Each structure stands twice: as structure tokens, then as C-alpha cells.
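The same chain A turns up in both complexes below, where it pairs with chain B and then with chain C.
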Partner chain A sequence: MPLIKIDDQELEIAKGETIFNAAKRIGIEIPYYCYHPGLKIVASCRMCLVDMVGAPKPVPACSTTVMDMPEARKVDGKYDAVISTTNERVLTARKAVLEFILLNHPIDCPICDKAGECKLQDYSYEHGNHDSRFIETKRIPEKKDLGPSIFLYTSRCIMCSRCVRFTQEITGTEELKVRNRGWHSEIDVAPGHPLDNKMMGNVVDLCPVGCLIDKHERFEGRVWNFVHTESVCPGCSKGCNTVLDTMKHQKLNLEELVDTVYRVRPRENMEVNQWWICDDGRYLLEGNKDRKRLHFPQIRVNGSMAEVSWKASLEAAAEKIKAGGKVVFVGSPYASNEENYLLGKLAKAVGAGVDVSKPLMGEMHTFKTEMNKYPFTIESEKAPNFRGAKDVLGLSSSNEEASLSAQTVVMLGNDHLNLQKKPSTLIAIASFENAVSKLADVVLPAAIFTETSGTFTNKDGRVQKFNKAVQSPGEAKAVWQILVDLAQALGQDFYYESVGAITKEMTEQISVYKTVDVSALFAETSWVDENIIA
Partner chain B sequence: MEKVLTKMVGIENSRNIDVYLKSGGYQALPKALKMTPDQLVGMMKDAGVRGRGGAGFPTGMKWSFLPKDNPNPRYLLCNADESEPGTCKDRVLMEEDPHQVIEGLAISSFAIQAHTCYIYIRGEYVNGAQVLNKAIQEAYDKGYLGKNILGSGFDLDITVHRGAGAYICGEETGLIESLEGKRGWPRIKPPFPAVYGVFGSPTIVNNVETLVTPVHIINRGIQWWKDNEPKLYCMSGHLNRPGVFEAKIGINLKDLIYGDDYSQGIAKGRKLKAVIPGGSSVPVLKADECDVAMDFDALAKAGSALGSAGCMVMDETTCMVNALWNLIKFYAHESCGQCTPCREGGHWMEMVLGRIETGRGRMEDLDLMLETANNIAGRTICPLGDALAWPIAGMPDKNKGGDLSGNSFVTKFRDEFEYHITNKKCKVTIPHEWN
Partner chain C sequence: MSITVKNVSLPRGKSWIDNTYVIPVFKGLMLTFRHLFKRKDVLRYPEEKKVLPPNYRGLHMLTRDDQGREKCVACEMCSTACPADCIRIVAGDGGWEDSREKHPVEFEIDELRCIFCGMCVEACPEDAIDMTDMHNLADYTREDFIYNKERLLGVYDEYIKRHPDHAKRRDGVFKKMMNSSYFTVSDVEKAKHGTGH
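On to the complex of A and B.
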């Protein structure tokens, strides 16, 4: 293996490994724009230039590899390459590249959504010139509407071509192109072929500057106000790793600050979703915006629903469960392992049956291209945790139809249900008002996945943790808390300090989860206290 | 001197295969087919042929870079994109003597064992493409192309592919991308085309003039070649007799300009001011630097390059600011736009020069240009970035740690630039007829 020296550190570099990656390995970050680990290397932006002893010109770190040199050509008698990432030559080169990029850049940071997480801003502060030597007129091309969800702020583009490569190499849809040449180059779509595919949102994350802007998020928030929470997408059984960016904002007519999820971004996990998520997952929460959340517990009084206190609703629920007849607790493929586990435990304690409802099924879609090493598949099972729910409830399949005909049904989540016939008594632990919740006798308002923590088990059996990012509206509570309270109302002594305690118990009780290393789950991201917003 | 490369020029029906055959054509091909490919590659090495496309890379060495163990088919690409300003030699070969080109391609293809050869011809050469296509058809009909050429068992197809008017598609990897039907964005090297070229296969890209050389080396021998190496020079500018001239490589630039067989001196009896000897991308020579041999090494020593041998001669009435502005406009216009320094820097320099030329220059612009040229050269994917920087600031200089020497327009004619900035007009009086 070639031995190299980067700045003052000596290290071995694998055959084919680039200087960029080797430097990263030892904690040296080289600035870059066009490089992306998931895309073909084009080495065109020239931001990553480094100096290599013996090379006549600075070389791009992102594309340069090192070979074993014959003895005579080794530097200092032993190194196959000696690289500086900080010498005068490198700094001059960086400064020059930034100067070139900024020549034609509008520098409209104050109104740019990328400001605060923009690589052009960051590198300019760190490496750039503070005064421009450019006294000519800038070229300011118009903003373009690329398709249903994305704008191109043409003038901000730095031509890194990441977005073009994404539609060529990852989705294979090839909507994005470069038109014109040289200084006049612009990203564009062909007439009649808008940027419209199920992964297009990723180009916004990919763009190192604020050129590609998501219409859903434009002008809605400033990134330095965001709080980032690690999460898992509930869109399908793939279980893409995500980050929820949340922000407090003042609701109209309300004094209080409400926090909302402003944006969902992919979180790198090479074994699941690599660097991407699909738009179904990305915009999943958008769909909730015009739906009515259940804010308060309700019980049916004389045929119509009335809002009551938690105490009253729990007592009413307990009474109905104890009333006799067949009782079934139905878990949900949309609820976490912990919630399903607790539901099962409670059912057992009160002698009721358990079941799990069926997930919605939809289209499976795979993006396959010649160049993509990791074809991205959106799974047909449109629920995050069917596998986990079955595991922790000890079921091999759903027996939904039969269960719903029981005398009394305690149901976890119901958005996905098409209830033909109402059971005589229906206790719904639910988040949204819908046809089912309207039929219920008792409604216990529950948090959705952004408002609580837990684990999902994806289709491959990977147990992944998601964290609480925002507070629930009104009096809605996390499902596990509702179940603990319900257990108490039923005379059961359930007590858990946090979701983590349930996870721990679950992994001890459920044999297939014995291998799950809870401490590893915890170590990956610190577990968020239910009562404090992450 | 006996004409070799341009022997057919001026002969009636020179494009016709029978005329070519009558004057000794297609005699090298059968000899080549009796040699082994390795012998042919060795022959090119021994003769010391250097590429005529611009970089002057040793051709035999390039051919020997082809991997022996790659199972993919090999390709020969004949670079006929000829777009470097001042260059027009390949056009003469293709339009006046297409069979010489075809014979050269057949021999070269055999030497590198390629069964498919593309001629990538610049889009504007409509006539050239037609002439070539007609000649190719004649060659197929007579068995010099196609299956089992002259009973040797060697097959070869040649296809003419027309470009769409982009200089960058003359750069070998830009050409490859374009040939594959993509945008002409040069690739990063390595991998070099010899290893990973067109359609991912081993590929050799050579200039038209380079690819006709084996015809003459086979016909006349390696020693003859070494003693008489013929070269085409494209003489343009303020000359009495501009045109493409064949001469022995290394002919003195002064002879080319003043010689009776060549350009016969500066037009209108004016004085020589400067010469760009190798196509617009190479540093300019002042009149007193023109006593120089027109070959690769001598010109490199003189701080310029033979490049594509596109020799542009400027007389005393030329405004050097305007001349440089014109050149830089070309490179800025032709930048493919991939690399930051070339895309942005080129246009910036064009704007700065435009400002100086139109009387809005500042003294600091001169150093700005020299510095910026240094920030472009050597920091891009393909040599277009260099081509843009060298006319401004000269070739890389070892004594300056690889920075550009500074020896070109801005330094050599600094007085004119300064005059322009101070007086807001040209130092030279531009005669009526150039305006």
C-alpha cells in the first residue's frame, strides 16, 4: 500500500482511494463542491486542489489517487506522495476558485434559503477574498420553474453539475441538462419535460448553493433557527434514515410559539437509503397540513362526540373494556415497536386478544441505472413497521377482518383502515379526525411519529430509532403514555420512565429482539427525553 | 523542395482514386499489411513522429499505451475538428487529397488493430465531409476498405462524423464524448483514451496530419523521414501570400514569412511586428524573436510552441490589445463551461480586455490579467484553460515554480497596453483598410 503524508500526518492509502477520502479519514476536510460520494467524479469545480510534491500543478484531491512509486521516485526516501492541503499554493488556488465563482454570483444571501448552510458562504468566509476585483456587470439570468416542486435560481448556480449527474446516474430520468456553453452555461430542462420524478427533492439537498430551491420550503424559515432531530421515514417499509428540521414559529392569533417540522432531509445510511429519500417520504408531512388533528379526548354521548378530560375518557374506555364480551387490541404497522409491544402487554394483562391491522399497499418503484451501485427502491408496503408490529405482538399475519367484528376493539391508529362495519364498541387511539374516528365511542388523541420516540423495524429486520422532534398539539399524548394511563385505569401497574425503558424491556421479552443491542441504539443518537424537545 | 504531403494539390481531379493511384497512391498500404502491427508501432517510434494536433506527443509511444489484455474492440479516431484559430492544414489534406488521408487511416488502424475508424470532422467543413465520403466509397469499391482488405484478412470501416461547431470537441476526450452523442465536456484524465476511450474501449485519437505520416515513412523509409520530415505550416495574417505551405520541419520562421516559396513577406511593404507561431493558444513572438526554427523543441525554447503550426503574422499596424482581446473572446466563447477557472476566468479576461480596448482600462488590470492567467493555467480539466492563459501570460516556467513566465502579449507589449489605458486609444495608427 502506498505510504503518503498529508500535511504532517503519515498514512497508508488504499489502491484507488482518492486523496480527498484519505484526508477525510484522518480528519482533514478539503473544501469541495462537485464531489459527492454517490455520484461520478468529474473534478470540475477545482475547489479541492491540493499541492503534491513533484506535481507541476496543483491536483484535484477528489480524483487523484496514489500509486506505489519506484524507490528512486519516493519523496524523502519513503513516501509515494507528499501532499499539502494548506500551503501557499493551495490557499491561492482556493482563493482564486472562490473569486471566479463569485464573479457572477448575485450574493443575495439575505433572501436565499440556503444561507447558513451554503458551501459558498462557508468557504468564502474561510478562504475567500473579501473585496471583489470584478468591476464589470454580472450576468443575472432569470429564475426558472423546473417542475412541480423545484425552482432554479439560475444566477446562483456554480455549475457543479451534481444535480445533472443525479438525474442521470441515480434516477435515470435525465431531466436536468446544461444548456449553452462557458460563461453562459445554465442548468435547464427541455420544454415539455419538467423535473418530475419521485426522488427529485434530493437535488435541493445536493445543491451546494441556493440554486435549487424547494417550493414547499421557500421563504419559510432560516436554517440557523432549525433544530435537527434524527428520525426514520414512516413512508414505507424501507425505513429511510432522515433528519427532521424543526423551528419554532408563532401561529397567527396565538401568543405561544409552536414548533413545526419545516423540512425532512435524508440522513446517510449506506445500508438503507445511502444519501437519498424519495419524495413520498420527504413530503409526507405536507399531506397532514390540511387534515384535522385530534386535540382532546372525546367520548360518545347520546350519539354525538363530546370533548372530555383525559381522566373521563380513560375511565370510559376502561369501563367498556371491562364490560365483557370479546375484546381485541389491534396494533398498527404505523406505530412503533414500543407502542405495539405495550399494547400487546396490556391486552394480555386484561385477557383480551391481539391483532395487527394491515398496512396500505401501493406501487413499488425501483430507480435503476447503469451507473448506480445502489438502486433505490420505494417499497410497496406503505408502512414503516409491519414487520416489527408482528414481531412484538407475536403474530405472523393480520387477521383484521375477524378482529374488527369483536364486541370491543381497542385500535391503535386507523388512518389506513377502511372500516366496513363498526364493532359495537370502538376505542380509537388516533391522531387525525377521519371516518373511523367519527365512528368511535372513545377517542384518545395520540402523537404522531414526529412527536414521540421509538423504534421501527424495516422490511429487512433492521431496528431503527426515531426521535421526538416537536410537541403534540392540544392534549394529545404519546401512545405509550396513553397506554400506561389506560393500564392504570384498568387497574394494571405499568410504569416506564421513558420510551427507552420500554425498548429495554421489549428486547428482553421478545425473543427475536434479544439480539438488538439497546445500548447501540442509544449510542447512535442520544435518546431524547420525552419531555424536552430535541 | 519536393512536395510530399501536398503532392496532389493542384493536380487535376486530385480527389479521384484513379488519379491518386496513378501518382503512386495506395502503395504503402499493402506493404503495411505485410508488416506486423508491432513493427508499425515501432516504425513510428523510430521515426520519432510527434503529433500534429497541438501537443506534439510522440505518436508511436501513444499507440503503445494500448492495453494488450483488454477484450474490447479498439477504435481509431481521426481528429479533423481543426478549429484552432490560424489552423487550416488538415482541410487541405482532406479536401485536396482525401485518399492520402484514407490510406494513412488504414495503415494506422492496422497498426493499432482497430477495425472501426471515425473521422470527426468540424461541422463547418461541409465540403471536406462530402469529399471524404465520396473518396471512402471509392476506396471501398476498390477493396482498400471494408472486409479482408487486399486479401490480408484485415477489416476496416471508416465513418465520417460531422461536429456541430464547437472548438472543444477537438480536444480528444471532448471529441469522444461528442462522438458518443453527449455534450462535449472533456473527461478527466487518467484514464487516458488509450485505456478507456470511446464507448469505454481502448481508443487512439490523432490529428489528420499525424495519421498520414506512416504512408510516407513506409514509402520512403525511416531514415528519409528523419532527414526530410515534412510539415505543413498555415501562414495567415498580413502577408503577401498567405496559405498552407509544406516545408521541412524546423524551417526558419523568417523563411516562412519572407521566402519566395512561402509567404513572400509582409503585405503592403509594412514592418513585421509579431507572430503567433502555433495556433492562437501559444505565446506570441516579437519581430526580433522570429529568427527561430519552426519545430517543437526550438519554439519551446523560445518560450512558445509549435502547436498546430497555425502561424499568424501581424504587421506594425496591429493593435496588440485588440488582437489579444480577439483571441480571448474566442477561448471564452468556446469554453465548455465545466471547470470554474476556465468558465469564469475566460469571460472575465474578455471583459477586462474589452474595457482596456474601449478606453476604460485601469493600470491594475494588467497585473490582474497576469495573476488571473496563472489562476487558470494548469488548474483545469483540459488544456483549453491553458490555451486561454498562455497568450496572456506565456508558458509555465520551471524557474518560477511552474507559474507562467509572463512572456506573451501583456508583458511583451506592455507599452501598448499602458498607452491604451492612459490615452484611451490605440498606440498604433490603424490604417483605413483594416477598420
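On to the complex of A and C.
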């Protein structure tokens, strides 16, 4: 175990551990562009240069390791390496590197979408020169359209090659390449082979400057206005950890206050999704924009739907459930554990049967390369919580066809279900206008996953919490609130203060969830940006 | 606290002459009469109007570049700097071929919410937003005070007709202010130590 000294702190590092990681461990920040924990180290940006006693010139911290020195060569008789990250030599080196990087940079921060979270801005402010000594004409290459969702602003590129390594090492698709050499080098795709794979959105997060820009997010908002909320992707049963960036958009006449999710970013979780998410999850909410949301409760009067108040709709629903005949409450693999648990509890209280609908099945996709330690898999089960729904409802599989033949069916948000034959009475708790809500007798408008909190259980049994990021449109309510109101309309004594109370009760009631630590799940988590785009 | 009655007497003058009020009235009229022949300190607004300095902070305008397009690139620096939160911008694509690819699709300033501090002008990296000498804003509804992009560009067109040399004039004033002794560091230092002014 080599003993090293970084600035004034002594520490022992493991064999093969880089100076960069050791410094990060003890809280010393070294600036970097090309380093990424998930990618191979190339040390091409030279931003992480540190000074090492005995080395003829500054060394890159991201790629330098320390070995045990023979006794005679130890510094001060005991250190295997003595490193400075703040001395004159290091600061001069950083300044020089930044000056080189900025030679051809257009400095078009006002129109760049990265401004505000750009490493080039941050480091220029911290370490760089205020003026450039470059008096020649800047080389400003044209911007390019790389593929269906990515623009390349070639002039902003600093040649860190993170995106190139990503397509080589993580996806294995190898669309991006560095073309030409030296002064003329630029990122490019081969003609006829655009950047088009199921994980291409990640290169935008990877880019430390505003060179790669997502077409979906372009000019949508400035990053310093965003509010970040931790969430979980509902795209498949993998349960990738995400961050939702939202912004309140206020019209000046104060009438309209809209908050929208502007982008979805991956959140680091080494056990689930490492640093990435797939594009299916990233652009999931984009697909919802064209769909019609249900804003108000509706009941069927003389064959056509009429918008009514919550009270009237809940009374109508309660009346239909009480009417008799076989009643089945159908849970959903798209709803959270709490919502399914509450549905099960209500069904039990009114003596109805429970079931869960089948999730949509799709294609399974695995990105496997020789260099990638963690192959990224997009699961075939396109629902976030099939396992959790089965667990909390106490079912082993879905019995959809049989339940739909019951006289009265209460359906929990089943967007994908292509209902052919309508049960004689159908009560739908739905967010979007779909096949179920069109046939239903009572429609109760529900919030989607961005508008409420709860937990999903992924395919491996990991219970993960997602948080409320935006307000529901119209009079739509969270599903758990609708179920509590419905229970009260049915004469049941249901009362919960928050989602956390339901989670707590659920973990006490459901035997397999006994080990879930609710306080840890609902603790206020704080995180720094560094952990998300490492 | 209970309500009580307090009797007050009429204030009286020092002598009986004051109490007749005849002499004091003439004294007052003399003062008025004297002022008829003095230099006038007020303008007969609105017939006469004061020429305001070029750095006067009045109604906003969106300036145009030499091709007549708005200079604004929708960077939202002004709305970020605005302490009254009265600027709303929706950015849009100016077209792939255009040299300035980002531009404001919507640009609104609520002049009723604005406190005319000029921070938006300070923050603008493109000199796209500026302030005019127009201060006599009047309208019928609150909505009329929400100036949209076309209206703000119209303000520029109107203002530049009156002051074709606006940019030069404003820069000149700033330079003069910078050069004047009033703003020099040494004066401030002197004032601090109680030796100056």
C-alpha cells in the first residue's frame, strides 16, 4: 500500500488507484474534461495536471498511479509520492491548457444550451485567463446534424473524446469518430451512418461543453432555472434512476402557472443503471405531449361522457360498486406499490376480487462490448412495477381475461390495454384518454408518475422511490388520493396523511417488504451535480 | 384608552396688527408678485418638454441590427437579472442557415411590474435591450402594459427617429461620467477619509 501526500493530507492508496480518485476520496477537487468513471482513461484534455515531486513535468492525475518505492527513493523518508494540486506550477499549467482549449472556442454562451452547467465556463472562471492572447482568426467549423436527435456544434468541441469512447465502449455501435488530425480534428459520423442507437442521448450528458446538443431540449430553457427532482424511469422493469429537470413557466398576466418536465437525466446508481439511461426512458415524456390528458372526472350519462365534480363521480362509482354482482379491482404494473396496495386493501374491505393487468411486452436489448464491465440492458417488460404490483396484491400472475368478464371492474391506469369487450360496469382510474377510459362508465382522472410520489419495485426486487416534480393538470389527483376518497365514499375508514404513511403500512403488512427501510427511502436526499454527470 | 375632550384655543399673533390679518395678507401677496419677475424654475409641461439625458431609464426597447432584425438572442440574462421578475422570453430556432440561430419567439415585459432599475440593460451581452426617455406611459388595462416583442421593437423604431445617434450619445455620456472627478476612485477615497468635498 503506497503512502502518498496530496497537498497537506496523507493517505494510503490501493495499488492501481489513480491520483485523481485518491484526491476525490479525501475531498480535493481536480478539474477535468476527458475523465469519466465509466469510460477508458485517455488523459487527452490535460486539465487534471498535478505536480509530483521528482517528476520532470506535471503529470495527469487521472491516469497516474503510484507504486511502492524502494526505501532509498522515498520522499521525506516515508512517502511514495508527494503531490501538489495547488502550487504555482499546477496553476500555470491549468491556465495554459485552458488558453489552448479556448483558442477556437466561439464563446457563444448566450445561445449555448450548456451555459450554466458547462465545465468550460466553470474552469475558465476559476482557473483561466480573462483575456485571450490569440489575435489570429478563429477556426469556426459548421455545425452538423449527427442523427435523429443530436446536433453537433463542431466549433464548441474541446476534443475530450468522451462521446467517441461512449459509442465504442458502452454501446459498441461506433458511430462517432475523430476525423482529421491536430488543429483540424473534429468529431464526425461516417456518411450514411448517423448516430442512431437506443442510448445516444447519453452523449449529450457526457459532453462537458455544449458541443453535443439534444434536439428535444434545444432552446427549451436555461439550466439555472431548472429544479431537479430525483425519480425512477417507468419505461421498463429495470428501474433506472433519473433526475427530472423541471421549470415553472409563468405567464406574465399571472393567470397561468405551468410547470413542465424539460428533460430527464440519468442519476448514478452502480447497482442498477450505472451512469446511463436509454433513449426510450429519456424521451418517454416527449411521447406524452401529443396525448390527451384527462383533466376532470367524467360519468356516462345516456351513452355519452359528461364532466362532473369529484363528489358526483365518486358517489356514482361507489353506487356501481355496491350494486352487486362480481366486483374485481384490477391493479396496474404502471402504478406504484402504494397505489396497488391501497387498491388491494379497498378490494378486501368491500369483499371484491383483485387482479393485476399484464404489462406490455417489448424487445429486450443488451449493449455488450468487450470493454464494458456493466452491459446495459433494456428489459422486455415495458412496465416499472409488475413485480411490485404482484407482491402487494398477493398474486403470482395476471389473470386479466377472467377478471374482465366480471360484472363490475375497477381499472387502475392501464394505458396499453386494448380493451375489446366492455364489462357491464367499468370504472377507470386513468391519466390519458385511452381504450379503457373511452369505454368506462366512470372516469377518475389520475396523476402520472411525475406528479406524485411512491415506490416502484424493479425486476430484481429493488424498491426505489420516485418523487413529485410537477403539478397535475386540471382536477387530476394522485391515485392514492382517489382511492382514499373512493374508500370513504364506500363507507370505509381510510385515512393517510401522505404517501409515506401508506408505504409504512405496506411494509408492515406485506411480508416480503418487511426489510424495506422506509425512513431511509423517504429521507431527504441531497446530492451534488458531480454524482449525476461524473 | 377612553376618548376624552381637549379644549384648544385659537392661536393668536404677537400683536394686535397681526390679528387684523390685513398686513400679513399684503405681505403674502408681495411675495407672489415678486416671483412674477423672477427666473422660472418649472417647465410648462406638456407644451414644453425637458430633454432627458441619454442614460435616462424609461420605457424599454428592443434594438435592431444593421439588417433590421432584433439583436436579441434570447439568452435570458435580462430575465435572470430582473429583480421584479417582469421579463418573459420564449426562445426559438432562427433557422439552420441563419447566422444567429437562436432568437426570441416571444418577448414580454410587464411595464407595471418593472421597477426601471436598468439591470436588464446591464446584463444584456448583445446590447439588445435598452431604455428610452419615454416615461409618460398611459393605457386603459393592465394587459396593455405587457409589451410584446413587436411593440418593443416599435418603441425602438420610434425612438431612433428622434435620436438617430442614440448609441453614440449614450456612450458619450457614460464616458463623460467616467472621466468626471465625481466618479474617480481618489475622490471616493478622499471622501472616506474626510478630506475631500
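What to note about this one:
Going forward, the second predicted complex is superposed on the first by the 518 of 534 C-alpha atoms of A that agree within 3 Å, B and C clash if a C-alpha of one lies under 4 Å from a C-alpha of the other, contacts with A are read in each partner's own complex, and residues count from 1 in each chain.
Just so it is clear, contacts are C-beta pairs under 8 Å (C-beta built on N, C-alpha and C of every residue); 3 or more make two chains touch, one makes a residue touch a chain.
Everything numeric in this text was worked out from a predicted model, so none of it was measured.
When both complexes are overlaid on chain A, the residue A:S185 reaches chain B alone and has no touch with chain C.
After overlaying the two complexes on the shared chain, residue contacts for A:I107 are found with neither chain B nor chain C. Legend: residue contacts after superposition of the two complexes on their common chain; A:L91 is shown touching neither chain B nor chain C. With both structures placed on the common chain, the touch criterion links A:L49 to chain B but leaves chain C unconnected.
Comparing chain B with chain C, more residues of chain A are touched by B. Of the two partner chains, neither chain B nor chain C is touched by A:A312.
In the superposition on chain A, A:V227 makes contact with neither chain B nor chain C. In the superposed model, A:P58 lies in contact with chain B only, and not with chain C.
Considering their complex, residues 109-111, 115, 218-220, 222, 224-225, 250-253 of chain A touch chain C. Here chain A touches chain B in the complex through residues 41-47, 49, 56-58, 60, 63, 92-93, 96-97, 99-101, 103-104, 133-134, 136, 158-159, 161, 177-178, 180-185, going by the rule given at the top.
Chain B makes touch with chain A in their complex at residues 166, 168, 183, 188, 332-348, 351-352, 355, 368, 372, 375, 377-381, 396, 402.
Of all residues in chain C, those touching chain A in their complex are 73-77, 80, 86, 88, 91-93, 100-102, 108, 110, 113, 125-126, 142-143, 146.
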